[in-house]
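Chain naming follows the written order as A, B, C and D, and within any one chain the residues start at number 1.
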Amino acid sequence: MAQDAGSNVKGALGLPARRTPILIKGNDAIVKGAILAGARSYFGYPITPASEIAETASRDFPAVGGVFIQAESEIASINMVYGAAATGVRCMTASSGPGISLKQEGISYCAGAELPCVIATIMRGGPGLGNIAPEQSDYNQVVRIGGHGNYRTPVYAPASGQEMCDLTMAAFETADRYRTPVMVCADGFTGQMMEPVVFPDPIPARPEHDWAVRADAATRRNLVSSIFLEPDELEEHNRHLQRKYKEIEEKEVRFSEYMTDGAKLVVVGYGIVSRVLRSAVHLAREEGIPVGLLRPITLFPFPKKRLEELAHQAKRMVTFELSNGQMVEDVRLSIHDRIPVDFYGRMGGNVPTAEECLDVIRRAAREGGVL
Amino acid sequence: MAQDAGSNVKGALGLPARRTPILIKGNDAIVKGAILAGARSYFGYPITPASEIAETASRDFPAVGGVFIQAESEIASINMVYGAAATGVRCMTASSGPGISLKQEGISYCAGAELPCVIATIMRGGPGLGNIAPEQSDYNQVVRIGGHGNYRTPVYAPASGQEMCDLTMAAFETADRYRTPVMVCADGFTGQMMEPVVFPDPIPARPEHDWAVRADAATRRNLVSSIFLEPDELEEHNRHLQRKYKEIEEKEVRFSEYMTDGAKLVVVGYGIVSRVLRSAVHLAREEGIPVGLLRPITLFPFPKKRLEELAHQAKRMVTFELSNGQMVEDVRLSIHDRIPVDFYGRMGGNVPTAEECLDVIRRAAREGGVL
Amino acid sequence: MAQDAGSNVKGALGLPARRTPILIKGNDAIVKGAILAGARSYFGYPITPASEIAETASRDFPAVGGVFIQAESEIASINMVYGAAATGVRCMTASSGPGISLKQEGISYCAGAELPCVIATIMRGGPGLGNIAPEQSDYNQVVRIGGHGNYRTPVYAPASGQEMCDLTMAAFETADRYRTPVMVCADGFTGQMMEPVVFPDPIPARPEHDWAVRADAATRRNLVSSIFLEPDELEEHNRHLQRKYKEIEEKEVRFSEYMTDGAKLVVVGYGIVSRVLRSAVHLAREEGIPVGLLRPITLFPFPKKRLEELAHQAKRMVTFELSNGQMVEDVRLSIHDRIPVDFYGRMGGNVPTAEECLDVIRRAAREGGVL
Amino acid sequence: MAQDAGSNVKGALGLPARRTPILIKGNDAIVKGAILAGARSYFGYPITPASEIAETASRDFPAVGGVFIQAESEIASINMVYGAAATGVRCMTASSGPGISLKQEGISYCAGAELPCVIATIMRGGPGLGNIAPEQSDYNQVVRIGGHGNYRTPVYAPASGQEMCDLTMAAFETADRYRTPVMVCADGFTGQMMEPVVFPDPIPARPEHDWAVRADAATRRNLVSSIFLEPDELEEHNRHLQRKYKEIEEKEVRFSEYMTDGAKLVVVGYGIVSRVLRSAVHLAREEGIPVGLLRPITLFPFPKKRLEELAHQAKRMVTFELSNGQMVEDVRLSIHDRIPVDFYGRMGGNVPTAEECLDVIRRAAREGGVL
């Protein structure tokens, strides 16, 4: 029966019932993944390079009996998410840097009111209007929080079309498990790229949340709010939030490694950068450089523990980012500055080539006494 | 002549011509300081606990022939700041957490277009609506940047009524010197507190900016924009911004110390917290604990170098914040984790007492082998 | 099958399958009527005394698989109506005076682009905020057009709960037949009153409009727009609109009469006023005054022809309005000022009693030489 | 002294101190006139063909120490007018059809709260976006009121550059005298045309209004509001408004005539149309047709009395409008349909030529038995 429903949903999305890969844009895979995870409400406003998400959502959500609203503004859309999430349904929005900036108040409200929802950002060049080429310069905004108050949000960083689907699905599960907004944070490259993706079966419907407000007698007394006028109450609420983030840090870390066995040099990168680094590491290993790659899949929680372990084995680390150096601080904090951590960055939409990264690896290996 | 103008301005603000202290709220001192620094344009929207800034600005700016506009929204006000700043005049806005969240897009645009302006935030409880009691939980939003893109803004953190005036004036000078938005970041306590303030003479008018757009023939070809469609151009623009931030880090650091001579334990706090810590350090010294206080006056640039020096002399550090622990990461990064850095935080609007801080100091001294 | 669908729709609305009367508020009857007429999209913003429309729509539209969106503003909601109507679906919004004022641009756009849609207004006291008691002071706004440009909209003026349903259904039919926005214009009294209503069966689905834009290949070349940059083209478009309004004036007039046989005095009133007038006419006839009532059911087209006929038989007319005298001009224009037309009005939410109207009738009969 | 001030103001506006004509666009003349009438606050949003008003205002208002704000929207600007007017200062906004539609709520609020202000509309083609060529199709919106509630606004209809200045000045006087919003209603042709204009001396400052709210102790108890919750109070407020409109109808009518002596045919037109009609009447008189022109200068109050007098002398009337026939109803109502009133209209931005009007006059003369 659930299987049937699954087939129906996949059919409505134009997906094969079986696990046959289909070629699809990363942005589109986010939408399919959201619906397979049970999301039935999308509120958003189009912005390059995230626009396909809204476009595909406008077709796919109604196709499965869901709701798609192109709101009047980025602010309206995040507040609609707040409203929908308060009823307990799985819902989402998506945007790029300038839009995510506008949504900061709303995200903070969702975090304060502990509303599960998913916000995807497909990062472009900045600051200001910048351009529409890929960057990772919104790391601090997304991971260290651009809104006001003591909150955090789990952040998934897909590096492939498959992960655009899978991590979006994971994001909904995490959002519900911890009653928190969750970000899916990809660069414009990963959003625009077409790749074969195998779509999993839909997640079976879960029981309704007992805290939600569903306009019925049973939930009439439920209150969804971020106001705590008494300092002691707000402090206790914040301590509750910190305990939740602590638990997330303990249980939800995800990362992947490539050739870290015996690595004396560890390179760190996420998203599209990690794919370039994979090639560069492969080339470097062929040259005899003992280098490995650590790719954070969750940016919060950050793979601190594994990095610290690697810092005992390695002599040097290098982070590669499409930014002015933001994640590098999380790497340094993770390893307590035990070994030097270099940073190599490109900005403005430029993505380094494997050769370019290889050069950086060679230099770091030399300077770090790795060879 | 300039002196006369100064007397006139001070007279229009209801301030004594001489340097006689007057009793005034911190929020009001920001407005007087802004006007003494030459600001003549204020655009804002009221929000507790920053509302007195808008209220006083509505009287004081027109009183000196300036412009005050209560905009339709936080977003309208930051965009009016963008427009006014593009003409080269000194202008400002102010808000608190939720409003600053809404302004993130606009701040990023000002940073991208290199527009000098001052944005004051009087931090309250969060996340979401939270409450209107003081917090420092927007440190990451303000210092590590809540908007999109690779930008930073200098951040001044006043701890007294006098500094609410003086640092606002400094903020305007820094904004103009580096063509950058600058934040004045105070907690609600410092904003609401009344203290005696000596108001300096007005800063003499400076020459007009040659990059500004003043609707005349001379500036017709000037372009104020944050768009750079070509990745190489946007990358070069970003590298230019990073050089600017680097220079700011080298030249504009401000901090103050109290009893750090021979301190084996260093406590770090800013804003209202630093005043409580001063008392706690005094009490601890009387007990024979060799403790000193480092107070960052600029949060960006952060007093990294001085902290690192102190880390050679001390055995332990503790940061005190009205947050879940945000500045503590900057302390750890500054000293390369050379010695342990503890964190003690209150949230929800609660401010620790001197006794409470003293207890933390005693424990840190014991555990840190300081005694 | 269609009958089954009908039963299903009525069931989903909580209505009996048979034609059993149920007691219901006028505002609620509008929503049921809209859905029975095939509307599946509602966009609105709540305002007293129309709020029950939005509230009921929020339940009823989703219950039949339709869409309900509480928009960010009155303006957003009328523009969502524009968008939905452009796809050819039956859609509506509702408001009261202040909201209808805000929607004027949008209504003009719908008229210019010839988009069928229904806009209900439940009139309250004005001008400005006024109060929330019933008035008919928006007659000129609704009937003679408050938006810009040479357009008109058919206007239905219900006087009972039954008509709130029936005329809303008629409004949708007229909207589609003539590709035009249509107003349902009731006073707050008729909106708030509870009366027994027999709900008809749903109108069977009609074929899709060939001019609509449905995001498919077949309608890709359709253009829905109100722009005609060339004066000759815009003039021709306007002439086309005028021909349409002419046809509406010829075919769509609705009115009802009461005791007009041999009437030498004719009273004219619509909405709640007509019900009071019915009692007053009855009382006056008992006194021997040869008076009759003409109630316009459509305000545009106005029952000009019938009024002119009555002007040949009668010696005097009186219009009763909850306004400063607006419909009275349409009466005078209709009868070419052949006989005197008096006006009696109440404002501010006061509704005249039957006795009060009887007094006016007595005086008009005396002064008009009717007796 | 006042004269000096006058010279200063004219100097600041770039106008000659003496009464030398200068060549200027109609839209610009509105701005100069407003400032000469004492207006010092302008709030608006640009729209073709009214944009020069905002552009010139942005220079001229600050040049005389006044305020110019380009608001975020049409709605923001009319609400800023509401706020400024409540302080008793002379203030204005301007727009064209679509913008005036959006301002309807605000205008109704100003009327309800009895706030003096001036709103200029430079009419363009409609409905909807229409085009940017001149029309007079917003007559009903402007004269018979597009907002909600029982209000009216005086309407001045300039037909030349000189009147764009003079009638704007008159509008401010009327607004203050009666505490009412006043419209200046011109077609796009009159707004865009350049003509020589002699600018009068500034109107001397008038005493402050005792009802205004000026943020001082003296006016602390003044209340500016359009809310009257009790029906009897709102009815009394409405009766007060009607008495005011009655007084305006008695005292403020303005019109001009051309060759109406002995005219058996009277043509009626306003704005640019009246100038074409003047030529046509001249040509017709040369042919021996006894025709004259009545030009309403105020559209509300309408020159009813004079038209009725002319209806006793003439056999036929014709109104010429750039619309579907809106003013014609006011002509018919004025003369109680005593003689036939024809209508000739152009739409879409087309303006009839003098020859074209002459043809209409010839035909009307023939059919009307005038010859």
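Following the convention adopted for this analysis, a residue touches a chain if its C-beta (ideal position, glycine included) is under 8 Å from a C-beta of that chain, and two chains touch if they have at least 3 such contacts.
Just so you know, these numbers come straight off a predicted model, no measurement behind them.
The set of chains in contact with subunit C as well as subunit D is empty. Counting steps between touching chains, the shortest path from subunit B to subunit C takes 2. Here the repeat of C-D among B-D, A-C or A-B is A-B, since over half of its contact pairs match by residue number. The greatest centre-to-centre gap from subunit C, using C-alpha centroids, is found for B.
In whole angstrom, the spacing between the mean C-alpha positions of subunit A and subunit C is 51.
For the pair subunit A and subunit D, the distance between mean C-alpha positions equals 58 Å. Averaged Cα coordinates give subunit A a centre that lies 31 Å from the centre of subunit B.
Contacts with at least two other chains are made by no residue of subunit B.
Taken as a graph of touching chains, this assembly forms a single closed ring in which every chain touches exactly two others.
Residue ranges of subunit A in contact with subunit B, taken from their complex: 75, 96-102, 104-105, 108-113, 123, 125-131, 133, 135, 137-138, 140-141, 144-151, 225-239, 241-242, 323-324, 329, 332-333, 336-338, 346-350.
Those residues of subunit D lying in contact with subunit B across their complex are 59, 65, 67, 69, 71-73, 76.
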